[in-house]
Every structure is written in C-alpha cells, then in structure tokens.
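Structure provided below as structure tokens; questions to follow.
Should a chain be cited, it is by its letter among A, B, C and D, assigned in written order, with residues numbered from 1 in that chain.
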Amino acid sequence: MSTHALRIGIIGCGGIGQDHARRLHYKLQGARVVALNDIDRAGTEAFNAAAGLGATVHDRYQDVIDSPEVDALLIASWGPAHEEQVLACIAAGKPVFCEKPLATSAAGALRIVEAEVRAGRPLVQVGFMRRYDAGYRQLKQTLKAGTIGEALMVHCAHRNPSVPDMYVDDMNITDTHVHEIDVLRWLLDDDYVTAQVVSGRRTRNAHNGLTDPIMVLLETRSGIRIDTEIFVSCRFGYDIQCHVVGETGVASLPEPMSVPLRSGGRQSTEILMDWKRRFIDSYDVELQEWLDDTRKGIVTGPTAWDGYFASATAEACVEARHSQRITPIRIADRPAFYGR
Amino acid sequence: MSTHALRIGIIGCGGIGQDHARRLHYKLQGARVVALNDIDRAGTEAFNAAAGLGATVHDRYQDVIDSPEVDALLIASWGPAHEEQVLACIAAGKPVFCEKPLATSAAGALRIVEAEVRAGRPLVQVGFMRRYDAGYRQLKQTLKAGTIGEALMVHCAHRNPSVPDMYVDDMNITDTHVHEIDVLRWLLDDDYVTAQVVSGRRTRNAHNGLTDPIMVLLETRSGIRIDTEIFVSCRFGYDIQCHVVGETGVASLPEPMSVPLRSGGRQSTEILMDWKRRFIDSYDVELQEWLDDTRKGIVTGPTAWDGYFASATAEACVEARHSQRITPIRIADRPAFYGR
Amino acid sequence: MSTHALRIGIIGCGGIGQDHARRLHYKLQGARVVALNDIDRAGTEAFNAAAGLGATVHDRYQDVIDSPEVDALLIASWGPAHEEQVLACIAAGKPVFCEKPLATSAAGALRIVEAEVRAGRPLVQVGFMRRYDAGYRQLKQTLKAGTIGEALMVHCAHRNPSVPDMYVDDMNITDTHVHEIDVLRWLLDDDYVTAQVVSGRRTRNAHNGLTDPIMVLLETRSGIRIDTEIFVSCRFGYDIQCHVVGETGVASLPEPMSVPLRSGGRQSTEILMDWKRRFIDSYDVELQEWLDDTRKGIVTGPTAWDGYFASATAEACVEARHSQRITPIRIADRPAFYGR
Amino acid sequence: MSTHALRIGIIGCGGIGQDHARRLHYKLQGARVVALNDIDRAGTEAFNAAAGLGATVHDRYQDVIDSPEVDALLIASWGPAHEEQVLACIAAGKPVFCEKPLATSAAGALRIVEAEVRAGRPLVQVGFMRRYDAGYRQLKQTLKAGTIGEALMVHCAHRNPSVPDMYVDDMNITDTHVHEIDVLRWLLDDDYVTAQVVSGRRTRNAHNGLTDPIMVLLETRSGIRIDTEIFVSCRFGYDIQCHVVGETGVASLPEPMSVPLRSGGRQSTEILMDWKRRFIDSYDVELQEWLDDTRKGIVTGPTAWDGYFASATAEACVEARHSQRITPIRIADRPAFYGR
C-alpha cells in the first residue's frame, strides 16, 4: 500500500492471462495492470472494460514491452510465442514472469538463459506454481528439518480424470510430467542424470491411441530414484501424490483439505476432479512473491535455468520413451550467474 | 484336541443359537454340541440333520439341562425365557452361557446373582461380545498402558442404518445402548452413578414415533463423563464410535479393516451396513474363552453381576428419559463372591 | 488497487492490534493505517516506526475516532474498554471492527445493539474469525448442499494444551467456548434456547482449582443438540473438533493440512500446539471482507446482534455451570434492523 | 470335531515348527500332531513335553514320513533340506505343507513339480501365507468385483526396520521380495514376463555393504507394471504397502488395525515394528484351509508350481540386479496338471 505499485503489462489475455490480471490488480499488494496485448483485440478490450482495469490495449506485444508506463511483464500467450517474447523483455531490460513453458524446446530455453546471463541481472521467472503450494512447502520444510533423514527414493503420481481431444502422446511428459520435473528438483535440491519410461497396461479409457498410464523413472546426481505414474485418463480425480522415502521415515504431500464425510456406507474425503482448483491458492503466492522480488531486483522463484533444465529433462524423457532405454540427461554447463 | 471335549446343550435354536452351535462344534476347540431344545422342534431337527451335529433334540429345556450327556449350557432363546432357564442351570449346578439379556429386568437379573452366590461357585456368563472384540481390547490395552493418562471423558456413538418395525422407544436403550453400558464399564473398570438422556432434533427417517437420535449421559464413580449418541435410523451405516479422552491424549476404537479406495472423486473406506458383520469375529473369541474357562471352573467374561449392572443401568436410563432428569443409578450391594 | 483506500484508525496496539495493522496496511487490498492509539504511547510510536506505517499516534482513542483522516476503526484494546469505544464509534457514525468480546456483559452488548439500531445503519462487526476459516466454510457449504440432510446433533471439542496462570474458572466458557457459541450459531443458522454444563473427571494437570474438562450442552430452537468438550489442559494440542450429525450422514470440520509422516513406528499427522496458528489464515479473509463490506456500507460478518447473542449465551452457560441445571437462554427481542 | 482328525508329522521343530505344531494341535480343528523330527533331538523332546503333545520323536525325517501313524507332513526345517524332504513325501504319497522356499533354486522346485505331476495327484502346498491375510483377501475381492476396473499398475513397498547380520545382498529379493512375487501373482491372476532392478540412494543405515533400498519392476503377461520398493533398513517399521491402480480407481491393502491416538502434538496410528505380528492371523487361516483341503485330497493354496514360479522369478530378479538390464523371466511349460 505504502510503496509505489509496479505497473504490469500482460502479454496474452486468454483465461490464465485474465485470471492473473485480476489477481495482480485486485487481490495482491503492489501492482497495477496498465497494458494488455492479445491476438484477440476485441476480446481484450471487452475484458479490460469488464474488469475495470483502465489499461491500455496494444496491438503488438513489443509496444507493451517498450511502453514507459510498464515496469514489468507477465507472459501468458501460447507456448510457441514465449521464447521471442521473453527475449524481447530481456532486450528491453524489463523483468518478466513467463507462464510455462519458457520455450518449446530445450535449445530455445537455453537461448533465453544465455540472453539473461549476457544481460547480467535477474530478469526472468517461469510459472512453475507448485513451488508455491502450501503442501509442497510443508513437505520441503519437513525434509530440511531432517525429520526423515536424507531422501533416498520418491514415489509420485500425476493423475487426471481425462484429457481433451487435442492431447496426444508425449504431452503426458512435456505438459503433464514437467510439473513434477520442476517441483521435485526444487524439493530435493538435486539435478537429474538419467531418465527411463515404462508403460503400464493400457486403460481402455485412453483416447486416440494415447499410451496411458506410463511410469517415468528419474535418477538424480546424488542417487535418489524417483518414479512417477502419469495417468491422464484415470477417471476418478485430479490426484497428485508425492511420497519421499528417507533414511528414517516417509513424508508425503498432504491431500487438499476436504470435509470428512460418513455417508452411504463410506467414510470419505473429496478428491478434486478439476485441476484448476488443485493449485489455485499457489498462484496468489507465486505472483505476490514475484512482485516483491521484482521490486528488489531479484528472482527467487523458478529461473530461466530451471525452465531450461525442465525442458531438457522432458526432452530426455521423450527420447527415453521412444527408445525404451535408460537415457542420460545432457545439460549445458551451469552459468555461475545462477549460483551454487 | 487333546483334552476331553465339553458336551454342550443349546437352548434356543433360532439364528444365533444355530450360529453358536456350528461355531462350538466345528470351529472352536474342545466342544461338542450334544443336545438341542427349541419351541420349534421340527426346525431344530432339520437344523441338527443339516449341520450334521448328531445331537439329541429335546422337547423341554429342562431335559437338556438335566441330561447326563450335557456338561454345559448355552442359552439363545428369547429374552423373557432367560431368567428361569439360567436359574434352572444354576439349580442343576451346570455352567451356562446366556445371550443378553440375562433377564428382562434388573430385579430378575438380581435373582440370578443371588442364586449363583448361593450356589457358591461361578456358573453364569452373559453374552456381551464386545469385550472380545479386537478393537476394544486394543483400546483397553492402550488405557492400561497409561498412554493417555487417566480417562476423563468418553464420547461414543451407536448408529444403525435402520431398525425393524417391531423396534420401539426404549429399545434404543435396553437393546442398543446396553452394549455400550457393558463394554464401557469393562473398558474403564468403573461403575455408573447417574444417567441422563437428552434428545436431538428428530430425524424424518424415524418410524413409528421413535425418538431418534438421543444422547445418553452417564457419570461414573470416579467422575468420568460418558456421552453416547444413539441413532438407529442414521441410514449411512452401522457405525460404532468410542473416543476416550485422557489426561494427555485421546484414544479411539479402531474402525473395522477396509480396503482404502480412490474412486469417483472420493478417497474412502467402507462403513459396514450390517451389524452382524461388525463383531462377528468376537463371537469366536468369546465362546472359545468361555469353553476354556468352563473347563477350569472359572468365569472371566461378563458375570451375572455384570448382567445385573447392565440391566439396572438401562432401567435408570429409561427412567431418566421419561423424567428428563439426572437420575441416580441405584445398585444392590455387590456380593464379595464377585471380587474386587 | 484502483479504488480509494479506506483510512483506518487502530485503537489498542498490543499484539493483535499490531498484527491487524500490518495485515491491513501491507497484505490486504484497499486500506491504509493512518492513526493509532494505545495506553502505551511509547510502544505504539516504536511500532509505528518499525512497521513504517507513517500513522499519527494519538493519546486519546476519541481523537482517533474523531479524526477527519480516519474512515473506519479497528478496536483491539482490552475487553473492558470495548463497550464505550464501540459506542463512541457509533456516535461518530463511523464503521468499526471490534475484536471479541463486543462487551464484557450481555447487557453491555445489548446497549451497543440499541445504539446501532438508533443510528439506523450497519456500523459494527465483531471479531469472531472462525466464520472465515476455510474448513468451517467448507463444512457450511456441505450442510447447505444437503449432503447429510438436516442437522440433528453436533459433537464438538475445544482443546488447549494449557492455559496461562491468569486463566480461571468461567473463562473456559466466556473466553474459550464463546468461539463455538458464535460459529455454531452461524453454521447451523439457528438460535440457542437452553444450556447445561457437566464436568468430566478432573485432570491432574488443571491448575488453580480449574474445573477441567467440562462439557457444555446447547439446544437450538429447531431441536438440534450440541455437546462441546472444553478441555484447556489437555497437553497434547490445540485441537478443534466439530462433527455435524445429519439425517443421512456425518460431516466434520477438516483437520489443518499437515505432512503425513511414517516414522518411529507411527503413521501420523501434526496437531498444532499453538492456537495462534490454527485460524491465522482466517484473519486475512475476515478483514478483507470487512474492508470490502465497509466500502459498500454493509456488514455481512458477525453483527452487534451476534455479539450480544454470544454474550447472552455465555452468561446462561456460566449460570448453568453454577446451578448444574438445564438453563433457559433468555434473549431480548431481535430488532427488525438485523433482518430475518 | 466330528470328523477324524488328521495325524500330522512335523519335520523341523525350530521356532516356526513349534508355532505350527501348537497351532495345529490346540487351535485349529481336525488335526493332531503325532510325530516330530529335528536335528536337535533333545530340544524337540523338551518341546514335545512342554507342549503336552504326546507325539513320537523320530531321529530321521524319513521315519516320520513313513510312519503309519502319520497322515500328512509339515516341513519347517531349514531351506536347503526342503527339496529332498518334499520329494520324499511325494514318494510316500503323503500330503505335505512346506514352508517357503519350496527349494533353494528354481531347478530344484521344478524337480518337485515334475515329481508331483508324476504322482498324479495334488500333494504339495507351499507356505506363502500372505494369500491368507484378511487384507489381501479383501483387496482381491475388490478387484474381482470390478470396483476399479482392470488392474493397470501396482505400487508396492516392503520395508523392514532392520535385518540381522547374516542378511546379505540378494536376500532382499530371494527372502524378502519373494513374498510380493507370490502374492501379487495370486492377486492379479497373472504371470510375470520381465524383471528390472534399480537402486535408490543408499541409506547410511545399511550394514555390510547391502544395497538398500532397491526397486524391483515386474511386467506381467497382460502388461501390468509392478514396482516394489524393498527397503530393509528403513528403521521406522515393518511396513507393507500395495496400491493397485485400475482403470477407474486405486485400491490399497488396508493397514493393520490400530488404536488411533491424539497425543504429543500428533494424530497417529501404529506401524508394527515386528514382522512376526504383521501376518500372524494368516497362519491360522492358512493351516486350517490346508487341513480342510487335505482331507478332501485337494490343494487350493500355493502349489508346487507357484513355488517354482516364485523361485524362477526371484532368480530373474537377481540376474536383473547384477546385469542392470530388463531381464526376461523364463518359465518351463506349465503342466496341465496345474489347471488353467
């Protein structure tokens, strides 16, 4: 309230862009949404009016970036546009929050890494929101506190009731599993070295020849073994499991809060059906921390390097799926810029 | 196997009598069923043949008691017959296991107590099976181990999905709550001194003007306060709850084992709908211990005194319900015969 | 962000007052803290500087209320001062959020009700924060959705590990149970008609002759029976339980989220030891909604009438504890001003 | 009781042999223990006397098998003796219950299979007791009922707090994992076709260079993928997990019953530390069914073929561990004798 509000430009004003615009403008502290851009200009003007933002609607994203009214950018356009838009923000020297993916290839993400290193100061954050989920944060605290000793194995599941028609093979890795790829690397504070993918028996509910479910096995530098079931036609719920096996115990991701019921011969709690509700609270935390960090000129969230590492790992998983082999994950040298 | 088998006479061969006959003869160690009696002679002969017992079917229960072939009796006739049948067993000097109720009034149960005291040796056990349930036994062990310090309060629920048409007011105390009355007295090793009954809002699912649910409040000699919700038209399951609040923690009756399921947007376990399955394993333990004790000439299960105490408590609860007052539970002097 | 910020004056700048000041100024949308008052002027100035509020510190609370810089008041002084401070706000025609209790007696609370009615517009909200807890809100939604039919009974527990030395008998009702009194009335949308209090066996951990635990029984106008165990020396945790028994099921207050652990021979989740953490998120929701409502000139949170009803109920409970009788709860006529 | 008791000879009277002897003689229906053999004759005579069996103690196991007093055999000697003892029973045409392993190699187990096939009637049962565990049986019923559709993946864990000094690498497969190998084949009614073994990060609590934990991946004929974490120095408990992922849900092995506790800031249930208690009830069911089947001349429990399949699978897992490859499981042709 008391400090100068960051003036935000939004590039990409579809569903998630609009949600973020309202969140920044009305719910969080220290931001005003002042500029908007989207390929659908009419829709964006309608949104601007309906939400009462009073922002300027630009035809070209570059104009949003260049506007002297804009302090920082949020990119929520479609994935293939991200790389050049992020590069343009870096070129303009303006902080940018980019929804995942940072780029549609590891090579593209690496170009962003290189540009940021050249720029010489932290400008890019990637929208991996699970790091901001209260449950994952409690789990990370538990690990750090040494409650279960060192982590040795991790058992995960990422289950969706169903996927849309446009969802095809490899998206279970690049769109779905990529969330585990990022959040587990952060949770364990470790990097991946190999990947393997095996298939379960195929569910009759899989459409379009999708291989479903599959299991991805990742091995970390320190030797931790991670298995993740990815099952996108599971029918019963959007169900995210994470069980970390340590030297003296097992710590698990909490289930979302739900009213315990006794009814109809069952004792039960809810499993969400809609993925949008599962991590909804984490968006607020993610963007509030981004705002606070941006004001300080730092990035404490997922960096461009993290976005690159996630892309490179996902690409190795895709390769491992096709080859059915244990596949090494090849990563560029980590620039000193990103610490550690 | 190695010792002489007890020869058992069964008085009352309806459903529970037949179950017990098969259990004693085929499942447990050290018993043979040799004599049967029931008002339905034809049905009993058919059962005898179908079960392959080779027992003698008698027209009169007294003949079963008097038979030199019979070492011990099990009474599973209807409640109003229990008192005179048990008294006849005592008169004959033969051990008897009597299904609850021991008698249909506290006065009747007290007459049995007095007869057993005069007989001078333990002969009578009452069929309160919950004392033999693995869950209640674990809970009692937990209390004895001092895990939660001294017990201070107990919160219980006794819920049935529905009750038959012949079930009318006061039966929720005399037939239903009487199980808590006995098992909590055993669990806490304490006696009751006052009773109070209050009504909840009446469910629209209660039939025949039944007051349902109700709550019974019992106070023990040591000051423990027990509240039990009795809800016999609860629709959702046969649900038995018992939570003991101690000085340093709360210990609860375990739920029956059930396969945890994730399906249809719910994470759930089963609540039994059928009361017969809830304590079915405890019948085996109950009768095996009775057989073993009977061979030793002792009674370690619910005694005639326990049966009397339960009846007297239930009568005070019924009185408390009608008067809506906190009602003292008046109990005869405890004969030294029953120890403590 | 986009609307004029409410300028808030804080009366009472101890722990809770300071927390609320930071919350309003830095975390929530649409408020600035501009004026402060407390009996400890030096401490308040130090706080003002440390928190960077830039507010004016006043010696007299009346000056805060009268300041043309102040749009609305938040009272977090000690309880005995509330009544006259709230009355002064009403007299000044300014909206006021008053931490509980609204007054130290039902009579005092009723004087506030009468003053607000005379003022003719909604000005007063009372700080019963549980109505803003996500768990209670989910539970209320479940009831409203008809998932368990009509509510018939409610079983609650309010347990504290221990209480400070200054905590004496009757505070388990007026300070502790008063939270259940308010939140259950809201949850069930019902009023109370009788109260009864019974004692459990006294824990050896109770200090200063405190009667602990106790059970409070409330009866609502529609016949719902509520029992609440209040146990303020329970040692094991700050443990809030609420189980609503309906016609077709039981719905319970969710436990706070916690990392499930398997370690040391136990499968476990955390029970908070510190009450301050239990409802901490609800303060944000409570004050944000108050800000939003205040801007609209309405009160949707706990009203002065709700504060009066809670006080009158607590007084009846205290009387019931001393008399050991079922005690009618006498309530003044509800002014049409408060709706329904 | 009513039928002729089977006269049992016990070969191997160490801990498990003595437990089974008492169980058969005193607890189950329809058996008498009449002959004993063990390399420790003095200890066996002492046991015979202490247990009051009145059995004949033989110096040579062959004499037990040949005794006309003996109807059936139970073998609980050390593993390397099993093969020749079982073959001797088959040669004598007598039913035999052999504790696992059936033989110390797949080749040895196959020789037993061939001998039984030549004998032309069912004589051999192997002591895989988990098939008799109430939890696994409930889980199998759930699968058969179609509650979660067809099984697609299975996630398991087999965790021990610690292992004795003599426990060395490969025993985590041949002694520990072999239980999952048998019970999952039975649970899924499917055979294995490939095995793979990967290691987790090694716990500092592993002794003697043991690789611990490991993960075994099995693939079934129908395509079901099974992963089992084997962690024998996990410190926290004897913890058996089994989660079956089906087309429409996940069904899990129930945890053993335990008193839920709220104490010391935790809500918890027990995890057993001692493996002997985990499946203790299943031994009774296992041997009672074996007795009943033996009387009928059938084997419904784990057959010699099942014992062979388990051995052959374990050998493939050991090979897979050493090669770090996905390893085919080669199985002899299934004799028509074993059905299906």
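Methods note: a contact is a pair of C-beta atoms (placed from the backbone, for glycine too) under 8 Å apart; a residue touches a chain by one contact, two chains touch by 3 or more.
Please read all numbers here as calculations on a predicted model, not as lab measurements.
Participant: Centre-to-centre on C-alpha atoms, which chain is most distant from chain D?
Facilitator: Of all chains, C has its centre farthest from that of chain D.
Participant: Comparing A-C against C-D, which pair counts more contacting C-beta pairs?
Facilitator: A-C
Participant: Which whole number of Å gives the spacing of the CA centres of chain A and chain C?
Facilitator: 38
Participant: State, to the nearest whole Å, the distance from the C-alpha centre of chain C to the C-alpha centre of chain D.
Facilitator: One centre to the other, that is 59 Å.
Participant: Could you pull out the residues of chain C that touch at least 2 other chains?
Facilitator: As it turns out, chain C has residues touching two or more other chains at 236, 248-250, 262-264, 269.
Participant: Can you list the residues on chain A that touch chain C in the complex?
Facilitator: Touch list, chain A to chain C: 1-2, 5, 25-29, 31-32, 52-54, 134-135, 138-139, 142, 147-148, 248-254, 256-264, 269.
Participant: Enumerate the contact residues on chain A facing chain B in the complex.
Facilitator: 236-237, 239, 255, 262-273
Participant: Would you mind writing out the residues of chain D in touch with chain A in their complex?
Facilitator: Within the complex, chain D contacts chain A at residues 149-153, 155, 157, 198-205, 213, 215, 217, 219-220, 222-225, 227, 229, 231, 234-236, 245, 247-250.
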